[in-house]
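Here it is, the structure, as structure tokens.
First chain written, first letter: the chains are A, B, C, D and E, and each begins at residue 1.
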Amino acid sequence: MTGAALRAFVTIAIALAAGVLWWVFSLALLEGPGERLAPLAAEALPRSGVGNPVTAVLLNFRAYDTLLELAVLLAAVLGIWASGPPDRGFAPAEIVLAGLVDWLVPLLILAAGYLLWVGGQAPGGAFQAGAMLAAAGVVLRLAGTPRAGLPRGDWQRVLVVAGVAAFLAVGLALMAIGHGFLTYPPGHAKWLILTIETAATLAIGATLAAAYVGGSPPDGPPGEDRA
Amino acid sequence: MITALLYTAAGLLLFCLGLWSFLMHRPLLRKLIALNVMGSGVFLVFVALAYRGPEGAPDPVPHALVLTGIVVAVSATALALALGRRLEEAERD
Amino acid sequence: MTLTAWLPALIVLSSAIPGLVIFFLKEEQVAARTLLNMAGATVKLLLVGLLILGIQDHQVFESRLALAPGLELVLHADALSVLLVALSSGLWFVTTIYAIGYLEGSPYRSRFFGFFSLCVSATVGIALAGNLITFVIFYEILTLTTYPLVAHRGTPQATRGARIYLAYTMIGGVLLLAGAVWLQVLAGPVDFIERGMLAALPVERFGQLQAIFFLLIAGLGVKAALVPLHGWLPQAMVAPAPVSALLHAVAVVKAGAFGIVRIVYDVYGVEFAQALGLLTILAVLASITIVYGSVLALLQDGIKKRLAYSTVSQVSYIALGTALFGPLGTIGGLVHLVHQGLMKITLFFGAGNYAETLGIHKVADLDGVGRRMPWTTLAFTIGALGMIGIPPVAGFISKWYLGIGALKAEMDWAILILAVSSLLNAAYFLPLLYRAWFRDPPAAWPKESIPRGALETRASLLVPPLITAALALALGLFAAAPFGVLEWCRLIAAREYGL
Amino acid sequence: MTPDLVLFDLLLIGALLALASACLFSAELQRAVILFIVFGLLLTLVWARLQAPDVALAEAAIGAGLSGALLLAAARRLARRGGRPEDRP
Amino acid sequence: MIDTLALAITLPLLGALAAVARPRAARAIGLITALVTTAGVAALVIEVAQFGLRRTDLGGWGAPLGIALQADGLAAALLAMTNLVALAVSLYASDYFGDGPIRRHFWPLWLLLWAALNGLFLAADLFNIYVALELVGLAAVALAALTGTREALTASLRYLLASLLGAITYLLGVALLYAAHGTLDLGQLANAIAEGPVAWTALVLMTGGLSIKAALWPMHFWLPPAHGNAPAPVSAALSALVVKAAFYLVLRLWFGLYDTAATLAAAHFLGFLGAGAVLWGSWQALRAERLKRMAAYSTVAQMGYLFLFFPLLAAAEPGAAREDLLAALVLFALSHGFAKAALFLAAGHIQQCAGHDRIAELSGTAQRLPATTFVIALASVTLIGLPPSGAFTAKWLLLSGAIAAGQWWGVLVVLAGTLLAAAYSFRLLGRAFGFEPTPYRCITAVHTEVPALALALTATLGLGLAGDALWTLLQVGGPR
């Protein structure tokens, strides 16, 4: 088959697939169970320790998914670290921009704190808050801080594992006292979730910022990380 | 229901567009963008089927799944770009 | 756990475990290796003795291990298996002594003896296999463990020979596997039972059974060197002499021949095989091989090559005996299983001695060797005469029963084959003997590596062929003795025909 | 359901698909990346429309923001390299 | 209350965190974690064997709102294999990387991969499978890229893109099932799914996505370079475990989730692809110039055998015959896992000793390393499917099934694959006999050769002779 014929074939096949998919999804939606998990989630929400149903799903009902997801983030940043030292970064910003950065970064950190706090009741939560922190890091790096405000080696390492570590610590502690892994005892869910979320926010922020910096943290003797 | 159907269709179209682009382009960045568009398509399908009209509270489970999915997607993108950068360096040496 | 449930497994393990330990010995731990080898060989002989005593006492020896539901590894000692078990254990003992002497000072001996022991374990496993899957398992293990022995020398010819050997035996193994699985699908677990078990199947499956028979025979025929599946055997001659001796006398070719016997008698049942018309075809195949092998042997000028083609021819006597419908033909084939082993191993020991001591590899170089190495040549002569079928050496007994068996089976043409083959045997063996005894020795031997001392060569090389030659002679002289091999074969034949 | 809302949905979806196509078909890489970021922002609007504010926040910050920043940096580096291979920071 | 299901995932995860935080102690942390994790999983497997199905509702919510972990016999069997192989790989890696910079990157990623694999085998929720799958994918890609050579990076990127494509396709299938049935729990879905276009499309999407990850021919293109260029312990884990995990999910979907809805025609299609994989993979392995490349193509072929079981399983009536086939399939997968890991570990040792792995030039090296050559021989026995390996038993049952079902093409493919496997295996083994001096002792490097030897012996003797135990284990919570 020639290149052009192959392209035509793929295009037609995908177009057909799109049609079939739409038909099938319509069938599923029209004949499907309508309610799905929404009523169950609403019914369980008061017992979840948080008011925002999405946060309840993420940190209580399906907390295990979130734990693995933080591990995915960790795996990505470990892979990035393994790929050698980062680029040198950008030239220091000019005065006007630097002034802006001086305002923007604290604002983003504040926003992160707010999102984290409000996430229990309203839209927001660890991911959004962590992303704000990371955004602060991105701004810093763009303005010429090569490490994007991240701490040096060892502390940076502690930060990126903090989310998973908090999850595991809470989960295993609960298991040890007889509640089952990640099964929050009644009445304690709220602060346990907040603890995990705080650690997760820091971890997400640090991890995403580190991913943006894109190289191993500067620890150990110079050049050691260069394979 | 019509809203859900509409946005599901949009999601599926995004998925297929992304798939087409993924198969047709060679450069890494193109493929990554295509994958992200495909991912957005799937997320759109999830959020569309969570939608229960302007009055009803949406199903929070798909929202949570999509949030997870978004973080996974950005992780993968970041890793791919880091590998790509290192490949450039290796090819230059 | 009683001894009856463990003895067959112990007989297999008595060589497998020393083999595995030997791999991990250092090259220069000669004493430890020799001790392990001989201890294993001795223990195995004793265990086999125990087994024979027990069987005469009507005990049932059977070891079982489930591999999966419906698939069992069964080691079961019946009269037929004892024949091959005794032969291989006995000859292993002798060959080990020979190999220790033969390989003295050569490299990679730990590897050699490791695989050597495993190879015998596989042969014993084949002998004791109580059902088809167990047979297939040990048959394949035999392939794997003999490959390194053929390749042992490491020369380009050796690796090439080993590769050819592997290609043939792998294809054979795959055919056997296909046939075995197919048969099991048709008939359920295939146990080896005297007089077989397939005759009870519905008639509409007979066509498939015929097809399966040919798959099985093709798979076994590779190792039994049935023409045209014999191509590997002359190539495998590159192996060291003890390996050739073992391959030709007890291990590989015997495994194939033994498998044919098992399939005909204990899977199909000889009467059922006859009814399906399979025996005639097998007889024709065996006859072609007998004549073809002999003719080619005549054309070889290397001693080992000549012996190799002789094996091609002689092993098919067993298949022929199996195919001759009637107890006498069966007896002829079965005793030849033992007789051919003893005689052929003697010949290979002799050839090995000539090569190792004087550097003689070609027929033309044999002139006058009888004067330099009389004992070796005496043993060689007994082996050769036996092969031709001259009384009182054991080979005569085999041919006698085969001949009568052919008459009884109303396959008179088979007598002609036997006659032609015996003439050809004489034609390619007698010149050797004539050269060795009656020609004058040359001024210098091609490469005299072992100088003449008190003995004509190393004692460890000399004793084994003398033992095996004496046995070959004794089996001929005292063939009618009670509890002798011939009696044993009569017993088997009687059972297989339900007499 | 009001017709106005359906019209809005259609417009939004149309814009979304158009942006996606423009991004995926764009000849120039940097342009494609910028279009992808815009696509992400529009998607934020879609999430808001579908009453998924949590997703909208995450999309704005992570999907469009961080992914965009990462892709943009890579595209910039490529463009720089494409012009003058030796000229790297 | 000790929840061994949760421990199987959290223990390696904890180790990974510790190794990230304390890179200088990474090796010690890694080894301790490997031992502890294996012990924990051993406890779990014993529980399953003794007490039957284990299930735990994380967070105490229960399906469908919460996520459950579940271990039946099938999961336990694969967990046992995975953790034993992972333990051997860990021991091997503790020496393999020496003090080089790769070492500190290896351990945390490796432990993450391990946790994710355990998580996948225990998963009972479709979306949870997606997250675990992505974790497996990213960790595996990062590990495959560790050597940092151009070939490794190119291969890893290709692997990553293929893996992401597979995952996103799978996720669309999950969305469809959630739309139609409103739950993600495997048990509930199994009861809800009925024949029809929705179920079939979802199955096609999920199977399609997973078969990219399982490297089913012709979607195997990413595998040979990625597995061939990774560091040896990583190659071992990728070939033995990672593709196997994806295959496990396909198996779960087809014969757990879709038991009644999977059609024979579709199963035949997968079987044909499997046949293509066997022939193509074996042929390419035969042509490969490098040892690790050969091993990687052999993985493509061996994955093909697993898919050859599908048409037989789909056609078989529920009952003993079908359970035999399923057990044979698992036995095949386990044998291959052990053997392929052993082969890659041995290949890595040869590569380190020789400085390369070009088969044509390995004569001397193969001979100087008797134990390693022995490992390759034992592994080859399993790959060819010769006795006394578990693969032989499995192949026997596969052939039985194919003959009984009248699928003669399957019989021919299996036989041809066997011969091809023998041919490619003995290309190297044939070179192990030459004139090179043999070493003083059989085992020359304890840390690298003993784990490989243990794996090879497990595949070739252990599973061959003790395979029957698997049937008992698989009875636990067996397929509906």
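Assume a residue touches a chain if its C-beta (ideal position, glycine included) is under 8 Å from a C-beta of that chain, and two chains touch if they have at least 3 such contacts.
What you see is a predicted model; the values in this text were computed from it and never measured.
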| item | value |
| --- | --- |
| Shortest path length from subunit A to subunit D (each step joins two touching chains) | 1 |
| Given subunit A and subunit C, the chains that contact each of them | E |
| Between the pairs A-E and C-E, the one where more C-beta pairs touch | A-E |
| Centroid-based (C-alpha) most distant chain relative to subunit B | C |
| Distance-to-centre winner among chains (Cα means, whole assembly as reference) | E |
| Furthest chain, CA centroid comparison against subunit E | C |
| Rounded Å distance between subunit C and subunit E, as computed from the means of their C-alpha atoms | 42 |
| Mean-CA-position distance for subunit D and subunit C (Å) | 78 |
| Chain centre separation (subunit A, subunit B; CA means) in Å | 15 |
| Intercentroid distance (Cα basis), subunit E paired with subunit B, Å | 28 |
| Of all residues in subunit A, the ones touching two or more other chains | 21, 25, 29, 32, 36-37, 41, 54, 61-62, 65, 69, 72, 75-76, 79, 83-84, 87, 127, 208, 211-212, 214 |
| Per-residue multi-chain contacts in subunit B, two or more chains | 8-9, 13, 15, 20, 45, 49-50, 57-58, 61, 63, 65, 67-68, 70-72, 74-76, 78-79, 81, 83-86 |
| Where subunit C touches two or more other chains, by residue | none |
| Which chain pairs touch, all of them | A-B, A-D, A-E, B-D, B-E, C-E |
| Complex contacts: residues of subunit E adjacent to subunit C | 320, 324, 327-328, 331, 370, 374, 377, 381, 386-388, 392-393, 395-397, 399-400, 403-404, 411, 415, 418-419, 422, 426, 430-431, 433-435, 437-438, 440-443, 464-465, 467-468, 471 |
| Subunit E contact footprint on subunit A (complex, rising order) | 20-21, 23-25, 27-29, 31-33, 35-37, 40-41, 44, 60-65, 68-69, 71-72, 74-76, 78-79, 81-84, 154, 157-158, 160-161, 164-165, 168, 171-172, 175, 178-184, 219-220, 224-227 |
| Subunit D - residues contacting subunit A, complex | 53-54, 56-58, 61-62, 65-66, 69-70, 73, 77, 89 |
| Touch list for subunit D against partner subunit B, complex | 1, 5-6, 9-10, 13, 16-17, 20-21, 23-25, 29, 32-33, 36, 39-40, 43, 46-47, 50-52, 54-55, 58-59, 62-63, 66-67, 70-71, 73-75, 77-78, 81, 85 |
| Contacting residues of subunit B [partner subunit A, same complex] | 1, 4-5, 8-9, 12-13, 15-16, 19-20, 23-24, 45, 49-50, 52, 56-61, 63-65, 67-68, 70-72, 74-76, 78-79, 81-83, 85-86, 89 |
